[in-house]
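Naming follows writing order (A, B and C), and every chain is counted from residue 1.
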Amino acid sequence: MSVPPVYGMVLAAILFVIGLGGLLIRRNMVFVVISVEVMLNAGGLGFISAGARWAQADGQAVFLFLLAVAAAEAAIGLALILWLHHRHRTVDSDSARQMRG
Amino acid sequence: MQTVIWIVPILPIAGFIILTLFGRRSAWQFSAVVGAGTVGVSALLALVAGLTLAGVPDAGRTVISSLGDWVVIPGFSVDFSLRLDVLSDLMAMVITVVAFLIHLYSTAFMRGKGDYHRYFAYLNLFVGSMLLLVLGNNLLLLFVGWEGVGLCSYLLIGFWYEDPTNGLAANKAFIVTRIADAALLVGLFLTISTFGTLDISQVLSRASSAGSSPTVTAIAALLLVGAIGKSAQLPFQLWLPDAMAGPTPVSALIHAATMVTAGVYLVARMHLFYVLSPGVQLAVAIIGAATLLYGGLSALTQHDIKRVLAYSTISQIGYMFLGLGVGAWSAAMFHFMNHAFFKALLFLGAGVVIHRLNGEHNIMRMGGIRRTDRPLFWLFLTGAAALTGIPLVTSGFYSKEAILESAWIYPVAGPLFWAIGAFGVFLTGAYIFRLFFHVFLGESKKDGGTRPASFIFYPPMILLAVGAVLAGFLRTPRDLGNVQLMSNFLNPVLAPEQFRPAGLSTEVMLQIVTALLSLLAVFAAYLSYRRSTKSKVEEIEPHGIKRFLYTGMGADWLATSLVVRPFLWFAGIMRRDWVDLFYNGVAQAGLLVNRALRYTQSGLVRWYLLGIGIGVLVMLGMVVFS
Amino acid sequence: MSLIYVILLPLAGGILAALIAPRSRFLAHGVMLLSLAAMGVVVAIDLGTHAEAMAAAGASAGALHYLVEVSATWIPSLGISFHLGADGLSFVLLGLTVVLGLIALVSSWRSSYENEGFYLLNIGLVLAGVAGVFTAADLILFFLFWELMIVPMYFLISAWGGTGRERAAMKFFLFTQASGLLMLLSMIGLYLAHGSATGTYTFDLVSLSGWTAGGAAPALILFLGFVTAFGVKLAVVPAHAWAPDAYAEAPTAGSILLSGLLLKSGAYGLLRFSITLFPEEARRIAPVMLVLGVVTILYGGILAIRQNDVKRIIAYSSIGHMGYLTLGVFSWTTLGYTGAIVMILSHGFTTSALFFVAGAMQDRLSTRDIREMGGLRKAAPRLAGLGTAFLIFALALPGTGNFLAEFLVIAGVFQMNVPIAVLAVAGSILSVVYALRAIHLMFDGARTDTAPVEELRRHESIALAALALLVLWIGLIPGPIIKATAPAAASHLQSVLPAAGQGGGNG
């Protein structure tokens, strides 16, 4: 007896919204990157659930790709944070803006 | 042989080209010889042509010479062809002879006044254009000459360009006549679309076979507007008094003897159209009568010697138009010829007076010329007498008499036209002898004395004076010899008179009345002159009715406030190019939108994200709820 | 092949001049001059060899009939070919291109610009583009040349113009580019419509000209795309707004090329493309165009009267004259059509001479404001004399080509629509007013500034005198031009009139 795929989807949606909320609320770049990670994984969960629902391997294949993407993203994101910290002595995302409309 | 006619207009134009190219670098004698020489040869040729034409029977008195095509388009063609007939040759003779005399006079008059070669170049171009105008066999060629003389008039009025008022007078002359010419141009277009050609003889023959129609009336009216513009008739008389800003010989040639009579020529040339449209012909007579009164009255109170003569010219051309209007075609042309002689004489005389007095124009500050220059006194007296029409001995008497007789028998209000004309005779005598007495009698009012005049001034004036007396005997009334040389000569083109003559006794009565009026005018002028010298009141600014007449009945004021100012106001408003402002507005609106949208590009990543989130929600919502 | 040389010569001249200019300014100008002269020789030879054919073509008028053609496959899969063709009209306009190219070159002889190589290159490119426009017989090729004119002109204005040059150049570019894209859309639309109706997808003008889109609404829209592009180029009110700024701010040579050639490319496009491709729609739209034409005449005239910038006076005068051109094209009479062609030439010569004079004065006085001039007749009689002469020509003095053009145009319109013709005549009064005002303010009076004004140099006088002679020549001996362009006139009128019955209509 397995968990119905729709539960997985709902969980993915909740995780995604949590990630998005974090992204919108937090200005600390470290938390921004964490929120992005959460959202990516929410997406991955969605793919797996969908793959389970239609009994297709594609969902899991995409998740593997996602893992790679997430790793790359984390590496680049952390590098950016380091650069930001180096340049502005802060990890506040808003402080980095140079466009002022 | 026939192409020889072309030499007549081309010679002066060649003179113009030579003077334009080489005049600046050559001695003044070169300009004088080229300028006067080319016109002199043209004059000789025109005279020879005139004698030849007089010797052949009526039917052979038209020679047409074509140099080839000008514009050939399916459905429309114009060629370069000249038409020498009695009317155009009469004009050509008068133009070239008077022009030659004035060229001679100018060779001395313009010395030391600067730009000698430019003056003769313009004057030659004028003579060439004027000849093209009268000799052109189609209306387009005529129009080329018509605008050409207008251009030369403009250039010569503004000849002394260092004084900006001269330039303004020149602009006024060109613009006013050009407005009238626009009507003439529309007349030409109407002629093309009605008759399919601009060839004068074809147009006339087609018009006569088609008979009168509204179109013919419209063409006649449109051509008339052009004619009164060029001839400075009401309401286009505005430009002529100001045109006196040009050198005096120019005023003599262009603004008295020749160009301003181009309108008379045009109406005479197309007289068939006016016969076919009696309403327009009546308008011609009314305009002529009104203008002769206007000019005569306005001339009465002028101070500037040249302005008196300018208003006089307006008035005398009014006589010619009256003559045309009452169907006295050849009488009008007769008056044109006489007027060319005596008015040129008067202007040249005025030029000598001005020259002697170092540029003084105001007759109130003149006087005593009789003592310093006796020949000039007699010459000017001859001119003034001819202008007034002193009976029996002057040409002006005979030509005005011929016009007034026809006016009397004109079916619509004939006696009224006669009365206006007769009153005009009185006015003419009054204003010209007022001028004459002020200039020649009394004591000199100048301290500096007078400048010597060149001897070259006199021969042209003597010849013109001879013309001003003798030309009158080319045509005399029935009771005074009944010479009809003039009307016989013009017979092939212009019918002698349109209307039946009145009885002989009536004619004699009318002649006596006008003769008395002219003598009375001289007497009145003398009385008024005596009174003005006795009263010793220095007339500075005329007032009341005098001021009204002095300003040409406020015509300039009227035109300025009714037409010029509103027009300039409108042009001033339009100047900003409202359509362009509209596009600028579009561009400004674009910038405004840009400014608003720029605020969204804040650089705050989280706001972008919020935008993305909302966008996704909206799209999902649309998918779910559609 | 000669047509290819006509396009390649100015192009090659420009490139060579650009390479030489850093070393020798004189040599660069010489190379450019030579290439234009060679172009002139090619055009003259073509005119000479085809004179008889032109006369013969008059009899067999009908569809588009080229005297010289060059054709090569280019992108066959899209129906695009490298197809050049020229008839009498094209040759006459190529002649104009050569003359005005030379004049533009002479006008910049005296003033040394920065980066002159690039300047000459741009002039060469514009001339090549214009020559291409006058000969292209394929829509895409035409569009290519059309763009080739615009871009270098943009650089000419924005790099060597007056104080407001960037704005003016941008305006010029936006107007012409936007309308040009509309034309491209129309071209593609026509290509698709023709392809789906007949099965052959082609951009070739000759193949397309036989086909009528059927007078339906889409055809009207396609037609309007073309007319917009050409109308903007012609600066017909209300699409004229780019012209005064561009003329005023462009360097003298730029103004000459703009008014003398680029404007005329609009007229040529109108004649050769819009009307050939859409005779039915052209006839339907004619009343509107007549009204626009006369509005342009009056609007240009009124606006010229109160301008103080001499180049703006010439610009608005030029706009007014394009109104006559529009009237002539849409009068559907041989008179009007011939008048329009005469107008193309004489206006090209007169206006470029006027810009030449204005440029000469700007160089000498460092101002374009006519209120600050005055007294030039005394200071520089030759400059003032020639300036006066050309302003008088511009007000259509009889005897000049300008008069003949206006006369024929209005005579043509008069047969179609009397009120519009009368208004057009009234417009001619306006030109007298502004021309005389300009003459008076610029040349009359005494100079307040005592510094001497340099007289026209010899080469400048010769160039202007040559232009004056050309204007008079067109006015007095228009026969050769009328003969050369008569076949084009006949074919255009025939394409419109059989369907039109009496044509025109009362707008």
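A few points about this structure:
The working rule: contacts are C-beta pairs under 8 Å (C-beta built on N, C-alpha and C of every residue); 3 or more make two chains touch, one makes a residue touch a chain.
No experiment lies behind these values; they were computed from the predicted model shown.
Averaging Cα coordinates per chain and for the whole protein, the chain whose average falls nearest the overall one is C.
Chain centres here are means of the Cα atoms, and by that rule the chain farthest away from subunit C is A. Remark: subunit A and subunit B have CA centroids separated by 95 Å (rounded to whole angstrom). Centre to centre, using the average C-alpha position, subunit A and subunit C are separated by 63 Å.
With centres defined as mean CA coordinates, subunit C is found 38 Å away from subunit B.
Contact residues on subunit A toward subunit B in their complex (touch as defined above): 20, 23-24, 27, 93-94, 96-101. Interface residues of subunit B facing subunit A in the complex, by the touch rule stated above, are 598-606, 609-610, 613.
Taken together, the subunit B residues at the contact with subunit C in this complex read 24, 69-76, 140, 143-144, 146-148, 151, 154, 158, 161-164, 166-168, 170-171, 174-175, 178-179, 182, 185-186, 189-190, 192-193, 568, 570-572, 574-575, 577, 579-580, 582-583. Residue ranges of subunit C in contact with subunit B, taken from their complex: 171, 237-238, 240-241, 244, 299, 302-303, 305-307, 333-335, 338, 374-375, 377-378, 381, 392, 397-399, 403-404, 407-408, 410-411, 414-415, 421-422, 425-426, 428-429, 432-433, 436-437, 439-440, 443-446, 476, 478-479, 482.
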